[in-house]
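Both complexes below contain chain A, partnered by chain B and then by chain C.
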Partner chain A sequence: MKNNLKAFLYLLPALVFLGVFMVYPLADVLVYSFEEGYNSASQTFSGIGLRNYSFVLRDPYFLQAVKNTFILVMITVPVSTGLALVISLGLNSIKKLKNLFQTIYFLPYVTNTLAVGLVFMILFKKTPYSDGMVNILVRLFSGTTVDFIDGPYWAKMLVLSIYTVWIVLPFKILILTSALGSVKQDYYNAAKIDGASSWRVFSRITVPMISPMLFYLIITGFIGAFKAYSDSVALFGTNLNAAGMNTIVGYIYDMLYGDSGGFPSYASAAALILFAIVFTITVVNLMISRKRVHH
Partner chain B sequence: MKVRLDKLTKVFPSRNKRSKEVVTAVSEVSFEIPAGKLVGLLGPSGCGKSTTLNLICGLEKPTSGRIFFGDEDVTDLPAELRGVGLVFQNYALYPHMTVLKNILFPLENLKGDKKLSKEMMLQKAEEAARLVQISELMERKPSELSGGQQQRVAIARALVKMPKILLLDEPLSNLDARLRLQTREELRRIQRETGITTVFVTHDQEEAMSISDMIVVMKEGVIHQSGKPQDVYDDPKDLFVAKFLGTPPINVFDGEVRGEKLLIGGAAVLDAAGVRDGAVKVGIRSEGFVPSADGALECGFTAVEVMGRDTSVICSHPAFIGDSIRAVISAETPVDTTKPTVRFDLKKSKVLLFDPKSEERIRFDEGANG
Partner chain C sequence: MKNKTHAEKRIGRKRVAVRTLTYILLAVWALAVLFPFYWMLLSSVKSYGAYNSEYVPAFYTVAPTLENYVSAFREAPLAKYFLNTLIFTLLTTGIMLTVTVLAAFAFARLEFKGKNIVFALFLALMMIPNELVIITNFQTITSAGMRNTFHGLILPSVASVFYIYLLKENFEQIPDELYKAAKVDGTSDFKYLVKVMLPIARPTLITIAILKIIECWNSYVWPRLITDEKARFLVSNGIQEIRENGFGRENVPAMMAAVVLVSLPLIVLFLIFRKRIMKGVSMGGTKG
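Up next, the complex of A and B:
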């Protein structure tokens, strides 16, 4: 008992900070989300109920944001993880210039999101002076040019997906190259002696061996993609609702501080809906991993 | 199947990128392994024995020289087409697969007309498991097995395809002493039962001597001697082989031959008919000492170690090279431990002479040996 007391005393500072900056705000968000007609200036509300949720769930901007977020998640998580795996395998199999390529692939990780956004503008944005690099290429192959930043929905979604993949790729490559590097050569030698084709070596040896890392990347990838916001801002500016490219986190931000903001209750309700989505997906992921991941 | 290595050489580039020096792991190695025999590739670490094994199985490509399985030249054949089974030193069992899946893996890789039905694969896997006595462990993961059991799984996985040649890299080095004795008998039994030509690499001479039909002693990439274990032990070609084989190791003295007599520290210890006068190195096997009150070799007495079956007499001599002489005598032979010295007669067949410079063997005149 005495030992326990001492342990808690040591933990106290951390617990206080966590309580003040994590637990209390989280509880507060939960409370806000049920307070109807909350006024942040007078700190009053008219009643308690589910009206905030029903408003958010019927708000076309929110539904658009949910749709955008889901599309983004479904495209970028598999594409970025798969691409990272392919690139890592490539990096792992070359000897010359390996460090150079590793550095190149790692560059986006240390580059500011907005700076990368600028690069994407040069690549994709139509201006009075230029159609953007990509459109110049498109014209070279005699296609019709598309306005990727201000044009049709799928063009914008394409650019946003490429952008997101580009941003998250370096970290995944970093993790996967080190995971691949830690697989002992003996297993590959054994598989070679056993006459396994390269596809079977990949699917039956390599993937299971790095599956814990792969799974870690998929889970954090899902969570990260559901929380996407800055990528969209970097490409389409702050008025995301007008661009039709808002995400759930973007919607929450707008509800708090945006031009039409000042509704912490709506923001809280949206935040809790996002939490429920992320929670569900993570649980499903964990359940799948029980069967698929070899520790 | 017979295996023949013809002037096999393997050169590795230096680890230091800037230096142009190369490391010759295996140099002009030639030997023939008769079909159906168990061969021990023996040598100290870094002698090139593992590289030789990797060359035979195809994980390494030789710099020059050829490898034949039977009459077929397999030098340019990739590992998977050579039909070899390899047991790795650390077993390299796939940790995410059960024992059964590990054993099935090589069978599932078979393609074309060699492809087997599911039932056939299971049957073969069970056969291999029975051979190494792990039938009851099939659903376990490698991490749930002891070292000895993992070893058996590794052997089963290597055997399940019925390879032409079975190769084992330091198969016993990861096992504890008791298990090692037991497993080496197992190896012998499995090899006899399957009749597969088997090559294993070891640095433990006792291990190699005890179960091999033939041993090949290597040092620094060169074969020093090969042959039946007892022949190599009794009749080593040079001092290295003599020192490497035998526990306790052979006792080496500085000696001299003068007037057909072998002298150690000035005292004549043996007839040396037919040996030219000059300095020699004298190797005396530990079982070559016979305590005798008027023995020719007088040594300073240090201690007696009673081992039960026999007794080790630890003693010293000014001409001895090394720390202490170890003579193994039968436990019944009385040794007077009160005197400061102990005298021995020597068994001539256990005394080996070597050239002090080249360390090549110098033989006694066979005729005069009587």
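Up next, the complex of A and C:
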């Protein structure tokens, strides 16, 4: 009995904070999402039902945010995973300068997304005074320059994808490099004796051996990409609806706060829809990985 | 015989080619990573006049100046943003470490009823995305009148299930014999925790602290929701404010000076604790 009380006291701070800021909100978000016509000021609502969901699902801003998020996911997850794999394979095959390269590659992880996003914006932006750094390159290949920040949709999506890949790559390179490093040298030696081609070694030994980590990265990559937000703010500013570059998470925050805010019920409905999407994709990923991953 | 050496030569040449290609590829990506940093540094030392007269931006400057750093501090409350972020980071990390140590100790060392169930419930919390709980937390903090206060900024992020888990695993590796010996000597549990376990677990504690510092320094979403007075902004919000409302005019060099100053502390921290940070992140940090 005395022991129980003592342990409870040690756990108390964690229990209080997790209870107030994680467990209670989890129940509360469900409640919010079904309360119709919720008024933040008076904390009253007019009824219970699915109207928040149907409002969100018909809101053009939400549909735009869903479209943007899906395009971003479909581009950045394969590109970043593939690029990370290629770079990690390269890193793993060298000895000289390996540490230096690894250090450099990790830098984006410790940088402030908003701050470096500002640099990306400057690099890609076209103003009346200057075409900007990237447009110098564009002009080498085609005649016309593009404003990537305030211009056509696909130009903006391209910058957002590039920046997202730049930000997420350090984590993926780190994980894959250590996974590749832990593949036993014996397997490679055996393959060499058998005279296997390097493609065969790669597809029959390397990929199966690192497949658990590869799937881990793909799953967390999907989850992370679906939650994209800060990168877009960094490039296009806080009014993402006006820029046409909002994401689902951005939509949730816009419903909560700022000029368009004050609608926690809509925000909750959108958050639960996002959760349903991410959950479904993760389950599908896990089912595929169970079939494919070599354990 | 001759044929074989020929083949060997060919394989050798191929190997050199592959190696060269590998280095070129790696160098290209290193450049892609470093270029934005170079560009922010470069733009921050170009004078306002020089920067704006370059229709085609120059890759170097002949007359570097520090005037932008002066105007970044003078024309925006940058010093205030830094101070706020520092206070926020230190307090959050400190409180989080205390909460984590106490909880990890209870799970690793103490016996109590329902321990396994409580721990399983803790682990289950790890799967809850921040986006689901942030809405209510925003309402909670707002109705508690804690907007634009450090309490409101700090309290929701001081309990981290993942770090509790990490530290508990570490604590459990400390041999039972030490605990039994301490009990024989009549040492209290709390004294044992402070005098024996914390020193042994120091490397893990430092790793957790550094990861939390990085997270705090870069946090943007919660501070944005909870602060709207400029005097309470953290650096991320400060940068966003500078981006949207500028320094009165489109002063890109001064913006870049601010960006350099915001980025520098973490880059220095990273270079000092490189191995520890990378190991800590590979254990379970995710970004993106």
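Just so we're on the same page, the second predicted complex is superposed on the first by the 276 of 295 C-alpha atoms of A that agree within 3 Å, B and C clash if a C-alpha of one lies under 4 Å from a C-alpha of the other, contacts with A are read in each partner's own complex, and residues count from 1 in each chain.
Note that contacts are C-beta pairs under 8 Å (C-beta built on N, C-alpha and C of every residue); 3 or more make two chains touch, one makes a residue touch a chain.
Here the structure is a predicted model, which means the values were calculated and not measured.
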>> Once both complexes are superposed via chain A, do chain B and chain C end up clashing or fitting?
In response: fit
> So, does A:214 touch the first partner chain B, the second partner chain C, both, or neither?
Replying inline: neither
> Does the superposition put A:109 against chain B (first), chain C (second), both, or neither?
Replying inline: second
> Touch check for A:224: first (chain B), second (chain C), both, or neither?
Replying inline: second
> Where does A:149 make contact in the superposed view: on chain B (first), on chain C (second), on both, or on neither?
Replying inline: neither
>> Tell me the angle subtended at the Cα centre of chain A by the Cα centres of chain B and chain C, rounded to the nearest 10 °.
In response: 80
> Which touches a greater number of chain A residues, chain B or chain C?
Replying inline: C
>> After the superposition on A, what does A:136 contact: first (chain B), second (chain C), both or neither?
In response: second
> Looking at the overlay, what does A:192 touch: chain B (first), chain C (second), both, or neither?
Replying inline: first
> With both complexes placed on chain A, how many Å separate the closest C-alpha atoms of chain B and chain C?
Replying inline: 5
> Which part of chain C faces chain A closely enough to touch in the complex?
Replying inline: 19, 22-23, 25-26, 29-30, 32-34, 36-37, 39-40, 43, 52, 54-57, 98-100, 102-103, 105-107, 110-113, 115, 118, 122, 125, 128-129, 131-140, 155-156, 158-159, 161, 164, 189, 214, 217-218, 220-221, 224-225, 235-236, 239-240, 243-244, 250, 252, 255-256, 258-259, 262-263, 266-267, 269-271, 274, 277-278, 281-282, 285-288
> Within the complex, which stretch of chain A touches chain C?
Replying inline: 3-4, 6-8, 10-14, 17-18, 20-26, 28-29, 32, 40, 80, 83, 86-87, 90-91, 93-94, 97, 101-116, 118-123, 127, 129-133, 136, 164, 166-168, 170-171, 174-175, 178, 220-221, 223-225, 227, 229-230, 233-234, 237-238, 249, 252-253, 256-257, 264, 267-268, 271-272, 274-275, 278
> Across the complex, what residues on chain A touch chain B?
Replying inline: 184, 186-187, 189-197, 200, 204-205, 208-209, 211, 294
>> Residue numbers of chain B touching chain A in their complex, please.
In response: 57-59, 78-81, 84-86, 88, 90, 92, 94-97, 105-106, 108-111, 157-158, 161
